[in-house]
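Below you'll find a set of structures to go through.
Two complexes, one shared chain (subunit A), two partners (subunit B, subunit C).
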Partner chain A sequence: MSDREPLLSVRNLKKYYPVKNSAFLAANRKLVHAVDGVSFDIYEGETLGLVGESGCGKSTVGRQLVGMEQSDGGELFFCGKMLDKAEFKRQRAQLQMIFQDPTASLNPRRRIYDILSDIMVGNGVCTRAEAKERVNGLLKEVGLPENSAERYPHEFSGGQRQRIAIARALSLSPKLIICDEPVSALDMSIQAQILNLLKELQSRLGVSYLFIAHGLGSVRYISHRIAVMYLGKIVELASSAELFKNPRHPYSQALISAVPVADPEKRGVKRMITVGEVPSSIDLPEGCAYAARCPYATERCRRERPELVDINGGEGSRNKHLCACFNMEVAREGVATHEGVIVHEGASAREGAAEEPAVKEGA
Partner chain B sequence: MEPLLKVSRLRVEFKSDFGKRTVTDDTAFYVNEGETLGLVGESGCGKSVTVHSILGLLPSNGRIVEGEALFDGKDLCKLSEKELDKVRGKDIGMVFQDALTALDPVFTVESQIAEQLRVHLGLGRAGARERTLKLLEEVGIPDPLSAMKKYPHELSGGQRQRVMIAMALSCGPRLLIADEPTTALDVTIQAQIMELIGEIMKKSRMSMILITHDIGLIAQMADRVAVMYAGQIIEEAGVHELFKNPLHPYTRALLQSAPSIEDGDDRVLKAIRGAVPEDYTDITGCRFAERCECAGSGCELRQEFKQREEGHFVRCHLA
Partner chain C sequence: MHESYLGSVIRRFKYHKAGVVSLVILSLIVLAALLAPVLAPYDPNAINPEFSAAPSVKHILGTDQIGRDLFSRLLYGTRVSLLVGFLSTLIATFIGVLLGLIAGYFGGAADMIIMRCTDMVMSFPYILLILVAGAIFEPGMWNIILILGFIDWPGIARLVRGNVLSIKEKDFVHASRIGGMSRTYILFSDILPNTIAPILVFATSVMAISILDEAALSFLGMGVQPPAASLGNMLNGAQSITVLTKLPWLWISPGAVIVLLVVCVNFIGDALRDAIDPSTTKS
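On to the complex of A and B.
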């Protein structure tokens, strides 16, 4: 693929929520730093995966892109134009969303035909007379039986409902679909159906996805590039193959190594076990947000905030491997040799565990 | 050697306004001492109902119609509530998926753990307190002294799960039943919790039934695996054998449908067509047949759970 203009550029996106019942004085009010300066590009026909643990702000990013949340800072560029209020209104149809729970995102009182036709007629894509044909075409596209249009959402299984949600997102032929955990509410055997459908639609229609999920397996499967988020910031962004082969940020390394591999023969493989838990995003530490859990953290990490830098030196932003860490080189060696990774002080409360290394051999 | 727990011919029925419905039937499995049995299947396949039924934890509209569950020579299905109380929490510990609902919100961590110690082990106030502190330390809760005084809502998800594990382990159980113990947690926390459970298993020779839908977790933790589909165990084998040589078409499809982080770019997931049947009470033949690629004649007949290879059981006439 050539390195053309990105379809969507996100620059320094921010979202802060005030903490409820904190204080009466606005000056004292504390903020949750849900999204704290996030930048990325999405190209045409591409899937960008956005991964991170719960509360890291990945869903908030997605919701801001479709205008479900107001931003507290940052700029969006869509097809080269800045998305201000007027431009956003013009482009709104081009940005669609698929949610995690299709039972909640479909109106239970309306037939599938109504759900789909109203959007198209309302947006002037087709007339009432043409709607029926368009709806049937959409349903066929997402692999639903022919008589589906006259039925209600509750008559479908979870996987089929997600297909309806996908049909709704496709109804205005958008350029970008934000998929917020589209498969995590579904059964295992159904997840693969939906993932394959999304992939197939992309190759047929050239639509781009922002795929937000915490299941690394499905993100790896569907994404071309992946951004790893931690506490409202992107800590690493690279092509999917590169990220899993050569993760450079200590958090990405820990995240990837924490996923249990579906192969009993690989039990002996050493794993990095991160100690401690995600700190609160209210009082963010001054330095690197991951420093408190990071085995490589130094004094500098606690004082200064690392910025994303390109370590690949590749041409064009699509081939970049961005990582925000001062100790990338140490981290890489740590993974290569599995040495020098020592439990940090957070675990020393556990008696007797202080001398244990953080890298452990599986049983 | 006799297995620690041996379940045979277990059938559980639920009554509803629309009549009776068999939820699990012909369930049979065993757990040896010091062994981890993985129970894997999709939501609604009867994994939780199976273990809840042998512990007498079914809701009032559910009951065991037939079968037995021999634990240490006693049939758990025939014990009275009172006798069961002596086993539950003492010889058999349980860890549930959602710690926030499983823990009592109006009692402190200390009083919930100490209660068990005093009832089951007859410890006094001071003894129970001391033991509680030690348990919390063991499960890796930082600053256990202050954590003891906290209420469940004051702890993080991972900490709550640790408290539940401490509770389950408090009386030195011989069998731990872990029902989706990490499903509600993030992966890095999941790795911590599974590491902890693994360490405890090694130290104590405890047995475990690990219920999960995560194939990766099964591969890493279980010694033997039972795969459930629509209320029946359809395959059972040692973990290495099952992953290398799955015999039931459902197991095969399941293993192929899970995306893995180790995949290459060109991997195509194999999806299973259709969906799990909602009501499988009336299906006399194979319950997977309508979704199965190999289905043919003979699938409409009742499928027996038969041994095909040493220690490898499967419920499919084609296997």
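On to the complex of A and C.
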């Protein structure tokens, strides 16, 4: 496959959940717009980070890719072919997943050997006779001691368990692994080890990752490109370096500003603080979903919905910098003039205090 | 050092003192029941010249009103009670686990039908059901086993269904599905092993209840038929007030064995629940 050809293309993916007990008649039933038209590409050997706060639909996207959830619209293309039901069955082994909590993702009643060998034998990767060797190979690959195979998951620490989960995901030699917040349940010191392991495996095996997380810290370290999601939509997508250097969407700016800096010298640096509540994903606002919390929001933002546009003019989707905001020029100015010292206020809060400047010093 | 799963189960079982004592007592009772033909001093149905004799050297537990040796009858009766308890529990567990797995995993119409059947069996007064069944089929040990087996399953089915409902949403089941494992694999390798502990504990209580039910049925005359002995129909002979007050050896020993069996089985169930779970780490 050429470098330009994406491994996985997601086009206009949708997932709506019906709200229970909302109305007796099906016609009046309200929907939660968990994923509302998401599109992105993942290339071979690449990590795409997917970030956003809780409930923005990032995990649902990952679950749809591995078939844990049915889509309510949109198309998936894998290796250039459309992933319909038959094709998905054929490619199933190519799409694997690492879960957030390794305690829940490993069967407590089965030895590591059983967990790893069953999945390989079940998929015809190897025979029972070869399984022992394959399992030991996998354990070595993820940096676990050799005698681990005979043990039960509860005999391992959290980090080691996540290594086992990674070994299981690798056991079918997939092309793409969905990592659903794989380090957020782990200690800080262990997180780095797991991230390094994932990176190392990628450079050795050429596997691609969709790395889902709610903070930018770990995502920045591992991702080549990052997509920022807000309320079921991607609001900005750019290469990792570009996004951190030149964030254009006000929400991305707020997220980046929220990343803790491990430097006591910078203790005084002001942060952007997002205030206000995330609008309900049942009754989505007519205009931009972020307008209610955005300091730059105008009348147009509340009426119209901004689409993702490329502001980089780069060739191929790999080099694009996509952003969905009407006021990204203003947003950039805001960062430049106030050195990131911005308090985001909700629209209602601002109405109540018209005298107060929209931009003030944050703590 | 690393230990086998069985080894760790045994180690944890040992911490449950009441369970260990119960296991020893139950083993002794089972052994005595198995060796009844060897241990029994008399034929359990043979009539001896001494009627209603108090315990003595010749008859260690005495004789009943028609002169049968009570110790011999107790051994054979325990045999019957244990067999009824064990086999009917086996049948009930098998049916309950199977229906519970199907109802919980597949849901929808299968769940609906199975759970309504469960409700029906549960809501029916079972003594009546057993009496009717006992009237249609000939009363006897094998029929008792089948009747109890087919009546005791709803509790297990409900328990298994509930467990399956929660386990099937766990990430390791999702991981198996994403890994393309078959339904059979997910049901029997992912879900069933994680619900074995509660099933075993519940099964021990079903066994205790089956033993009691057999005793009750035989006491009512719908169970094991005389002259064959069972713990229940030995109590049957102790219905009158004269027997209760004047001939206490007729009912004390079978009554005591029933109590002992039920208590032991329940304690063992308790100990098993703690022992089977590999994540309970009492040092």
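Heads up, the rule we're going with is that the second predicted complex is superposed on the first by the 335 of 363 C-alpha atoms of A that agree within 3 Å, B and C clash if a C-alpha of one lies under 4 Å from a C-alpha of the other, contacts with A are read in each partner's own complex, and residues count from 1 in each chain.
Please note the rule applied: a contact is a pair of C-beta atoms (placed from the backbone, for glycine too) under 8 Å apart; a residue touches a chain by one contact, two chains touch by 3 or more.
Model, not experiment: these values are computed from the prediction.
Three-chain overlay on subunit A, with subunit B and subunit C fitting side by side and no clash.
Of the two partner chains, subunit B is the only one that A:262 touches; subunit C does not reach it. In the superposition on chain A, A:172 makes contact with subunit C only, not with subunit B. In the superposition on chain A, A:96 contacts subunit C only, with no contact to subunit B.
Legend: residue contacts after superposition of the two complexes on their common chain; A:214 is shown touching subunit B, with no touch to subunit C.
In the superposition on chain A, contact is made by A:188 with subunit B only, not with subunit C. Touch criterion met: A:109 reaches subunit C, while subunit B stays clear of it.
Measured by the number of subunit A residues touched, the leading partner among subunit B and subunit C is B. By the touch criterion defined above, A:67 reaches subunit C but does not reach subunit B.
In the superposed pair of complexes, A:17 makes contact with neither subunit B nor subunit C.
Once both complexes are placed on a shared chain A, the shortest Cα to Cα gap between subunit B and subunit C comes to 5 Å.
Chain contact summary for the complex, subunit B toward subunit A: residues 42-43, 137, 140-143, 156, 158-159, 186-192, 194-195, 198, 202, 213-221, 239-240, 243, 253-255, 257-265, 267-273, 275-276, 278, 291.
Subunit A meets subunit C in the complex at residues 66-68, 92-93, 95-97, 99, 101, 104-110, 114, 118-119, 122-123, 147, 150-152, 154, 165, 168, 171-172. On the side of subunit A, the complex with subunit B involves touching residues 53-54, 157-160, 187-193, 195-196, 214-218, 220-221, 240-241, 244, 254-267, 271, 273-275, 277-278, 346-347, 349-351, 353, 360, 362-363. Contact residues on subunit C toward subunit A in their complex (touch as defined above): 2, 5, 170-172, 174-182, 185, 189-190, 193-194, 196, 278-279.
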